[in-house]
Amino acid sequence: MSDSTILAARNLTKEFRGFFAVSDVDLSVIRGSIHALIGPNGAGKTTCFNLLTKFLSPTRGTITYNGKDITSYSPADIARLGLVRSFQISAVFPNMTAMENVRIALQRARGDSFDFWRSDKTLRQYDHRAEELLHEVGLEQFAETPAEELSYGRKRALEIATTLALDPEMLLLDEPMAGMTQEDIERISSLIRRVAKDRTVLMVEHNLSVVSDLSDRITVLARGQVLAEGTYDEVSKDERVVEAYIGSGHD
Amino acid sequence: MTEAGLMERTGDAATADMVLKVRDLHAWYGESHVLHGIDFDVREGEVVTLLGRNGAGKSTTLKTIMGILAKRKGSVVYKGEELINQPSRQVARRGIAFCPEERGIFASLTVEENLYLPPQVSQGGWDVDRIFELFPNLRERLSSQGTKLSGGEQQMLAIGRILRTGARLLLLDEPTEGLAPVIVQQIGSTIARLKQEGFTIVLVEQNFHFAAKLADRHYIVDQGRVVDVIPGEEVEARMEDLHAYLGV
Amino acid sequence: MANQVETIATDLPREKGAGMPRHHLIIFVVLAAALLVAPFLLYPIFLMKVLCFALFASAFNLLLGYGGLLSFGHAAYFGMASYVSAHAAKVWGLPPELAILCGTAIAAVLGLVFGALAIRRQGIYFAMVTLAFAQMVYFFSLQAPFTGGEDGIQAVPRGTLFGLFNLADPETLYFFVLAIFFFGILIIYRIIHSPFGQVLKAIRQNEPRAVSLGYRVNQYKLAVFVLSAALSGLAGATKAIVFQLASLTDVYWAMSGEVVLMTLLGGMGTVFGPMVGATIIVTMQNYLATLGDWVTIIQGLIFVVAVLLFREGVVGVLAKRFRKPL
Amino acid sequence: VDVTIGVLNDRSGLYADLAGEGSVVATRMAIEDFDAESKDINVEVLSADHQNKPDVGSNIARQWIDTESVDVIVDVPTSSVALAVNEVVREKDKIFLASGPATSDLTGKACSPNTIHWTYDTYSLANGTGKAMVQEGGDSWFFVTADYAFGHALERDTQAVVEEAGGKVLGNVRHPLSSSDFSSFLLQAQASGAKVIGLANAGGDTINSIKQAAEFGIVQAGQSLAGLLIFSTDVAALGLETAQGLVLTNAFFADRNEDTKAFAERFKERHGKNPTMVQAGVYSSVLHYLKGVEATGSDEASKVMEWMKANPSNDPIFGEASVRKDGRHMHDMYLLKVKSPDAAQGEEDYFELLATIPAEEAFRPIEDGECEMAKQ
Amino acid sequence: MFELIGIPPQALFGQLLLGLINGAFYAVLSLGLAVIFGLLNIINFTHGAQYMLGAFVAWMLLNYLGLGYWWALLLAPVIVGITGVILERTLIRRLYHLDHLYGLLLTFGLALIFTGVFKQLYGVSGLPYRAPELLSGGYNLGFMYLPNSRAFVILASVVVCFGTWFMIEKTKLGAYLRAATENPTLVSAFGINVPLLITLTYGFGVGLAAFAGVLAAPIYSVNPIMGENLIIVVFAVVVIGGMGSILGSILTGFGLGLVEGLTRVFYPEGSAVVVFVIMALVLLVKPAGLFGREI
């Protein structure tokens, strides 16, 4: 494993009562790259994400992040190391405004979140940064809208803004474009490209044009195992991948 | 758009063969008024899509037709019968089936139970073998808890489930969301096949490339209204308009 | 169907800019003024009972309304604190302020132990674990010699506050209790409207997301649990001194139920709701006591009506009407 | 003079039937019989439910005294509540006429110059029933005891009496308050082989124990049951079929003489049921109190109390009786046996008199009570 | 013969049998509660009062109409079930979309009303109810005398529990019910009459409570407060079994009866708290109860 590897998994395996959702997956993500994880439905991509962020405990295998073995860390501690994920089904704080959603993340990064004796006026210091982040994802005019009332696509955008607020070293995005209009997809794509400049991104995505456009490297999972790995051009020519995932009709 | 305008565009050949006529549909979530008068028509055996930006009111339209939204107004005529005041179970009994965007797989039921859950409303539904042929993943996981399926598998289950019922009008809300390209293709051909078999389909889609190949007509929804209609054959010619509407 | 208490929370988004909103300040000032003149108009002992329960309900609401955790065993902290403070005052002869402190401390310790175990469970199971612990505390109170079984600890001396104020005088006692009440309420208010309070809100609304942002949610839940238990203890300990009695009633599960009722009736997740709810219930118990069987029937009717008509609680309904968090 | 009487008892729980509204009825009857109006004594009656909780009870007592100027609190049929009220009344220097509670501590450790314990106590119950059973040959005992202070006291007092009379106690089992199933405890009692199973519990617990003992054929198999605290309402709930043969001690039963019969009849007209000993005791205590007010022309506690202790009470319930220095009202107690359904005449004819226990014998000697006042 | 901590095995058998009989009550009661919770998401605090109603209806049938135990066993659950249906239609229905808390509060209020009214009408001392001819008497099993009325409880309870379990877990009806609990809107949109389904379920759960009440009438006294203390224990049983798990509540009901029976022998004072100790232990080890599905 070289210095350039930021996140690596060895023999990652997850068994659900005899069913191997992920088995013996080896994965290494190079620092500063955008790495895509693709594969048919049920291939184990979300499960992999859950394992890497410890939302599930692996049955077997090790995970190293920045050379440190994090296999036994708690999910919160992993996030604190700068490895932050988003969810496949959108995850916002529904009764808080978009602004408050982002602020919660900023607050964590600053570490005053245990102060129960201080007034929450102190949180205003984050407003400026929060506005910037909302602007980046195109939600500036929804700053005071409760997240619950945002449409699906906008919730996804908000989720990304919240994730960015932590200024993570590495992002794990689970289908960030699902349910978005073309317009939004383009905006979020360019956003991801921009934020990925000094970060590492691992993402699951079914939208192949997004994948081909953004990713430096692709790992294809099928039935819980790595089927192929390489650049988009390499992978998309692999017959097994075409058969299992891409299909014939794609342009 | 006025009724006259709409008629003109859909070709007012004979309103008689319209299986579904939606007129001036309004709906509210609590106090917030979301649909401001939706109009559209579907003929027997057609596939039409509702296109529009996030939050335009597409899903709400389907839910309102289904009778799910408590507060609604206007007219939904299916095969000559007014449904606007019917409870949703009656709407379903008329042969309309709905596949929601959040999929609605039941956690307390196994995959198999989920699949068999909706009662058959008429003859001609698919049998399960045919569903498994289309979505082989499901067969393997029959005894799993429904929500333990992956996101995409849940989507397959949700679609498979309503094919069984024999409903002739299918309301599909983003059926391809989160599915692998191969499966999207399969669903595309399935919809085409359903159309051949005489099913009528109203499709809500973000994936315009997918929708474009299938639909007879596209209704553009914006802020709770239908603002334009683009017949399938005019799509190429009106790409500009579409760009403006959807940012495609 | 939602498993979390979230569905009903009147989490109106707050006005832009934090800090105590003007209308809260006004309410607090009016409340303080009213409570200062109240003992000259109303029976002070009754008022003190209201204050103790208002504090108890507010402490409970901190956990339920703001922490999203429904404890069905808060009587344990309230009741145990009242036993300990009664025992400290009567047997150890401690002055009232220290006796109350002892009671509060015990409640905090109990809260820490039980909370650490209970917060690992979710929803209804959390409620049941807390109930189970509370029942054990009840059993302990029934069996332990120092609690006096069903007779309770009687004739607790009220003592002299700081060696200066004789609390046998009802008026002095009243102002002492009032001071404790305001102290408790302001702490709760501050906790709710603090950076910590914001995190609680987030955790309650979407726990996995909060975890993914790096929050160690269990620590926050435990912290709010302990704070709530300690403040409930403060209320219970004070009650023992006021009424010169600590009894099984205060540790029985019905008391845990009562505080839930007070909170819901007033409006959970609102600052002022629990106080209103406690006032309504205590008043009802006080003035309906002569009616015998009818009390239970009337109480039952009130609950039914409240659930059907003002689900968000009295204050919750008002908050909605005025579109302001109260 | 204006006097306010507060009837404080259980109006919705376990003891609502044996005290409850009936005690208020008894109070009003006493006022009418005394003819307060014509004597220019203006009597007001308040009533409240103490829910068998000491905090509720003491609270009401305090509030009554502070805001309603209540002079005397009567009844209070739960020991723990009575002890709490006892403290409040002492602190506020009013009068407490305790007809309902059982605990003999009211004239013992907790005795107070402001309290008269009127109708019965754990000692008299234990003494009456315990002694009688041993004398009839029931010399080995097993207790089924409610696991709370009152049950413990009843067991302790009875054990002392049994042992003094030459019997012995083979064991006990303590059941949680308000159990519904006693079969397990009864089986343990049966297995002990004791001749007498002493039920040191009350209310629903006693009823269920007796009922289930019948179900398991315990009495047929040769053991006897001794209910240590049984009221006529309990017998009604059991039905004579099940309760027949049960031996118990009581301070009052309707068929004792013409006076009691007449009183019971009048009470029944108003309340629909015969009075229990607690309700009868309330009548008796209120009557004596009012006489005291009339005689002293005052509602001041110490004066009235002094008069009440100095002069004998006289009423249809207990006949002539007196109040001892420690606050014990001294009257005869009755050892009763529940009739069989065949022997009963009329609806509420339950009891057959086995023996009259004279007052001096029925109650604990004053010197054994650890009461400070007794020593002066 | 050996002795077990001072108890001869003979006596122990007796105690275990008694425990099992109590367990039979817990099983039927917790089953009703679990059905209602599992399928309606309502924590039915009125359950205790409805158990009491069952006993009272049996008593009334006997005293006013001269209909005995066997009729009561059939009619009381139906009558009380109908009152349940009315409650559901008029009141409980309005709460499904809300948190559990509200259902709990409403049913708690209803329980207060029922209990209060019956106290007002019949007092709290209880009314006698005699077992029918067929069930009076009993068998001497050698180690104990087993009254017929109690033996019958076990039989009746096993039959009812099994029948209910089968209906809910193994039939289509059960699948509808479970689905309707999760997402009633969608199930309606499949063409199913969800409101009717739910009403009948509530009526059925309530009927189970009443059935237990009838079984209890000849054994315990018929008393307005007979359900008051039971409800919280039964609720604990449901939780230990795993909320909403039908099989869990049945097995736990019987199991807990046994454990409680043993406690009554070895540490009788603790028999009221043992269920809570078990509940705490179980929940700390198995987050969703013995048979519950983890969230």
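For clarity, chains are labelled A, B, C, D and E in written order, and residue numbers in each chain start from 1.
Here is the rule we use: a contact is a pair of C-beta atoms (placed from the backbone, for glycine too) under 8 Å apart; a residue touches a chain by one contact, two chains touch by 3 or more.
All figures in this text were calculated on a predicted structure; none of them were measured in a lab.
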Counting one step for each move to a touching chain, how far apart are chain B and chain C? 2
Please find the path from chain A to chain D through touching chains that uses the fewest steps, and give that number. 2
Which chains does chain B share as contact partners with chain D? E
Centre-to-centre on C-alpha atoms, which chain is most distant from chain C? B
Based on mean C-alpha positions, I'd like to know which chain lies farthest from chain E. A
State the pair with the higher C-beta contact count; candidates are A-B and A-C. A-C
Counting only Cα atoms for the centres, state how far chain B is from chain E in Å. 45
Centroid from C-alpha atoms only, then distance chain C to chain E, rounded to Å. What do you get? 32
Whole-Å distance, chain C centre to chain D centre, using C-alpha means? 38
For chain D paired with chain E, centre-to-centre distance based on mean C-alpha positions, whole Å: 36
Please set out, as single numbers or ranges, the residues of chain E touching at least two other chains. 116, 119, 181-182, 269, 272
Do you know which chain A residues sit against two or more other chains? none
By the touch rule stated above, which residues of chain D touch at least two different other chains? 12, 16, 147
Which of the chains are touching one another, listed as pairs? A-B, A-C, B-E, C-D, C-E, D-E
Please name which positions on chain D make contact with chain C in the complex. 11-12, 16, 20-21, 46-50, 53-56, 58-60, 62-63, 66-67, 79-80, 83-84, 87, 147-150, 152, 177
Sort out for me which residues of chain A touch chain C in the complex. 53, 55, 74-77, 79-80, 84-87, 91-97, 100, 103-105, 107-108, 112-124, 144, 146, 162-163, 166
Can you check the complex and tell me which residues of chain D touch chain E? 12-14, 16-18, 147, 173-176, 178-181, 183-185, 187-188, 191, 203-204, 207-208, 211-212, 215-217, 221, 233-234, 236-239, 241-242
Using the touch rule from the top, collect the residues of chain E that touch chain B in their complex. 172, 175-176, 178-179, 181-183, 185-194, 244, 293
What does chain C use to touch chain E in their complex? 1-8, 70, 117, 120-125, 128-129, 131-133, 135-136, 138-139, 143, 253, 257, 260-261, 264, 293-297, 299-304, 306-308, 311
